[in-house]
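Two complexes come next, and they have one chain in common, chain A, joined by chain B in the first and chain C in the second.
This part shows the complex of A and B:
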């Protein structure tokens, strides 16, 4: 159920800003809290330079998206977090970006370690030397038997920087706090007044392992705001690339999960096969990470008949090898005893924090942008859902692994259908591509894409001159990191790497 | 009064062979294990002699030593090598005799292994790092559970063979497979588990992991570098080699022909290394809270062997 005060929007369609009702701050707050209370999900909560707040709500079962806004007269407002936990990181982010003070926020700490872009006092009251990534007042458990373990930001493996602070009693974790921001590049700030010449490249590297997902969401915004359509062929190629990205990453994740429990065969084979999947992206566009494929107005490279054929052959070979390698996992009791009942995130917790993607589905939530909020023309409705499979809804490491495995089957299914459909579409006329078309003035557009980690949300608002007055990038990791912290409570500290990998969240996608 | 001749039962040439083998072979065992694992993973893997290259490289490097550490930090790796050399004098290799042998020397063997652990744990705690403290706590917890497994097995063999010195005891026991197969098999099984845990192999520890939070042994030597790290690695490989030798002494046949005995011994070391590699390749690591269960079962195996030996005598 959506609150009546919300403007209905559809995924990837522009809307004149004046059609979004401007509520009073009190009504805005009530509207968001009432929507969340009635089962809706908070997709985004953000503020622009003029202290205008936007909230996006999703009713996933009904496939409805709603938007509300309000304008604040002073940089402070009563926090939503006490009533709506999913808002906690959004509110901290708004405080850090625009200097807005959420009064009564129970966990008020900086997110990325930078100063607000708007002039005014720092709502966190930090001294200049304290404005750095990782410098947050960590929660501490007191007591002589408690010990504190800090891991990172420099890690032993080749991974991104992030700091994890554990409060432990022996091997048991009482509390985990995660500090990010080490890779903050100021992407959202740089987008203001855009799109600029470098914007497309910035979107491709917002989270480098999710190039297709983020670039698609961005291009969808540009297309909707400028009134150009990518055409069926380009949409289908984007959908193919998105599933290839999912297959490569899910294969890598399953291999890495095997590696973390010391199960050699799957770990080694998946490491190699992931490369085979990445090479299919390279077949599409010459880049294993899908760079330069998705462009405003279409795609950078067409997929002709010969390469369709090659894609299909190589896909079938890689899939057979993936199945052989991954099935070893499910057949090994020693692996299952590591995966099962470890790192539990209950469905209730997942819903409260607003978790998305495979992690949320593994906790029993039914949400998938591809099915519930499909982009028009992407044919993603061909993808089956696997929600009736009880194996992958326990919320533990096993469930998160199993959900990935199930999704890979669905992706393969979709790919073979999509490649056939592409052949039937014929060559078609070349889509019109313009990297920086003129955007409509005073418009707002929300684009959601189901990346391999979950829902990628891009919100664009243009000013009277057709330039971005607000551009919000929300990687699925933004919602899910607190899920990892919850999953570790009461767990073994030695199980942390495994739990971490089962979520496999992006650091740079949050740091932006 | 112990007679010197009885204390040193081997001739100088045999002693020389023994010492050279004990010093030179240990890194090879790890090379074979890693080759086996690589084969299972469909990889070429590092050369069999990789650990020799690593040691050679490390001893030429400078050490980086934290200012918070003291001499205790050095005692760990030095102790590991010294204990390795001392233990190698007690354990029979291809010759089925040991350079030093006296009644009750197996108590010294267990004590020396304990000393080495004490020094390594001390060195880990000396760094003050939370990782190393965690690793040290795990090492001590699991060692306390593994030691009974080793010791009860020794008790069973003492009863079974009527000998109180390690080398003659193992030699006598290895001749008793006809009458005491059950007892010996239980000891072997228990000791194989002890071998895996003492040397931090899968399913207890993962020597290849880079994840500090899950490590046991590796995390305790994280801060050691250069020659100190070389000593820690070399000491660990000696421990693995000597425990394998202990197991082999129980199950290898004796031909009486010295070159043939040595050949059998070397083949046995290779086979044991391959076996460890296979175990590591086909199973995953245990969850940390489950490790004690398997360790207790090792103690149960050797404990039952002890009971059996008492009954069958």
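This part shows the complex of A and C:
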């Protein structure tokens, strides 16, 4: 149920800002809390530089999205988090970005380690030398037998930096706190007043392993705000690229999970096959990570008949090899014994923190942008839904692995239909490149894409000159990192690499 | 067990034949650009306006800084006369930052092998500590993939290690964010001499699309002495491996690949 105070919005459709009701701060707060209490999900909570707050709510079962806003008269307001835990990171983020103090926030700590862009005091009261990632007051469990383990920022592999702080009794983890921000390069600040020359490239590298997902979300906003439609052919090519990105990453994740429990056959096969999936993205656009494929107004490369044929042939081969490699996993009791009942995230917990994507689905939540808030004209209705299989809803490492595996089947189904559908659409003609078209003034647009980690949300608001007065990028990892922390509670610290991999969240996608 | 062995047989032998035979690259791959100042229409400078990073300049001839280039072809698309063209040549690593600035009609002065004494010490066993310092996980993905059986990095004696104390060098991805500055310096300091630094990707060379942002430092060379620069966004794994092998003096074309 969604509060009547919200303006209905659809994915990828622009709306004049004045159509979004401006509530009083009190009514805004009540509206968000009441919506969440009645089962809606908090997609975004963010602020512009002029103390204006926006909230986006989703009723996923009903496929409805709603938006509300309010204007504060001073940079402080009563925190929502005590009644709505899903708001906790959003409120900390607004404090750090815009200097807004959420009064009564129970976990009030910096998120990324930078100073607010808006002039005024730092709500965290940090000295200049303390404004760095990882400098937060960590929770500490007191007691003579308790020990603390700190890991990172530099980890023991080719991985992005982050700091993990464990409170343990022997092997048992009482609490894990995750400090990020090391990859912070100021993307959202740089977007203000944009789009600029480097904006598209920043979107492609917001989370570089999710290039298609983030760039599509961005381009959809630009297209809605400038009135340029990408056309069915380009939309379908984007959808194909999105599923290839999912297949590559899910294959890599299943291989890495196998590696973390010492099951080398699947680990080494999948490591290679992941490359074969990435090479299919390169067949589309020359880049294994899908760089320069998705652009405002369309795609940089067409897929003609011959290329479709090659895509289909190589895809079928890669899929057969993936199946052979991954099936070994399910057939190995030693692996299953390590996957099951480890790293539990219950459905209630997942809902409370606002988890998204495969991790949420593995805990039994039914949410998938492709089905519930489909992109306009993307033929994503061709994707079969994934919650027909109770095996993958137990919230443990096994469920998160199994959900990925089911999703890969759906992606393959989609791809074979989509490649045929593309042939039926006729040849594409190369559109003129317009990376930065003029945007409508005083508009707002929300764009959602179901990336391989889950819901990618981009919110764009333009000012009277058609420049961004707010651009919010929400990687699925933003919601899900606290899921990893919860999943570790009561577990063994030696299971951390396995649990971590079962979520496989993005650092740079959160740090921005 | 049976099944594992059968699957192993079916998956076959997949390691490519580097350094003697480079694996095929996709036809749409964008490698070394070639500039043709003679074809450049006088003073339109459309490429400069289109470039996201200011990598290209059409003032007094054509110049392109490969250290800033993201291989996005916005310049090619903007150019009315085809004066900028991207070839399929994946070899891009250099040992002098200046060599990445290319002019019309010029090739690239590819990386020199490390000195003789260094090669004696590290040539048959090079351990690298990879540090992501504001990277987007793009370069990291393509650095990491070299460990898979397709590339099998360890057959060249190259290995990524967890501890900087076990390392002979560092691979840096990302522009080096302010928040990673200290960690990069500490990691570098923990690597025993003699040591090498590789900057992988446009961000690590110049800040990439983030150049000029106050949250980052503008590349690895601002923090550590960089020996090798491997451009791209991200560079293809083949380009990265080519760079590593060039550092070791192991590429067969190394005697000949010199500026014409």
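In this section, the second predicted complex is superposed on the first by the 506 of 512 C-alpha atoms of A that agree within 3 Å, B and C clash if a C-alpha of one lies under 4 Å from a C-alpha of the other, contacts with A are read in each partner's own complex, and residues count from 1 in each chain.
Note that a residue touches a chain if its C-beta (ideal position, glycine included) is under 8 Å from a C-beta of that chain, and two chains touch if they have at least 3 such contacts.
This structure is a prediction, so every number in the text was calculated from the model and none was measured.
With both structures placed on the common chain, the touch criterion links A:496 to chain B but leaves chain C unconnected. Of the two partner chains placed by superposition, chain B and chain C are both touched by A:157. In the superposed model, more residues of chain A are touched by C than by the other of chain B and chain C. Contacts of A:268 after superposition on the shared chain: both chain B and chain C are touched.
Within the superposed three-chain model, A:185 lies in touch with chain C and out of touch with chain B [touch as defined at top]. Applying the stated contact rule after C-alpha superposition, one finds that A:147 touches chain B and leaves chain C untouched. Using the contact criterion defined above for the overlaid structures, shared-chain residue A:424 touches neither chain B nor chain C, since it reaches no partner. Overlap of the chain B and chain C interfaces on chain A comprises residues 156-157, 265, 268-269, 272.
For chain B in complex with chain A, the touching residues are 37, 40-43, 130-131, 133-134, 137, 202-203, 206, 208-214, 280-290. Across the interface of their complex, chain C is touched by residues 112-114, 132-134, 153-154, 156-161, 181-186, 189-190, 197-198, 200-202, 205-209, 211, 265, 268-269, 271-272, 274-275, 278-279, 282-289, 291-292, 300-301, 321, 324-325, 328, 331, 433, 435, 506-508, 511 of chain A.
Remark: chain C residues 3-4, 7-8, 10-11, 14, 26-30, 50-53, 70-74, 77-78, 130-145, 147-150, 160, 162-163, 174-175, 177-180, 182-183, 187, 203, 208-210, 213-216, 233-234, 236 touch chain A in the complex. Taken in their complex, chain A has these residues touching chain B: 147-151, 156-157, 170-171, 258, 260-265, 267-269, 272, 332, 334-335, 337-338, 342, 492-497.
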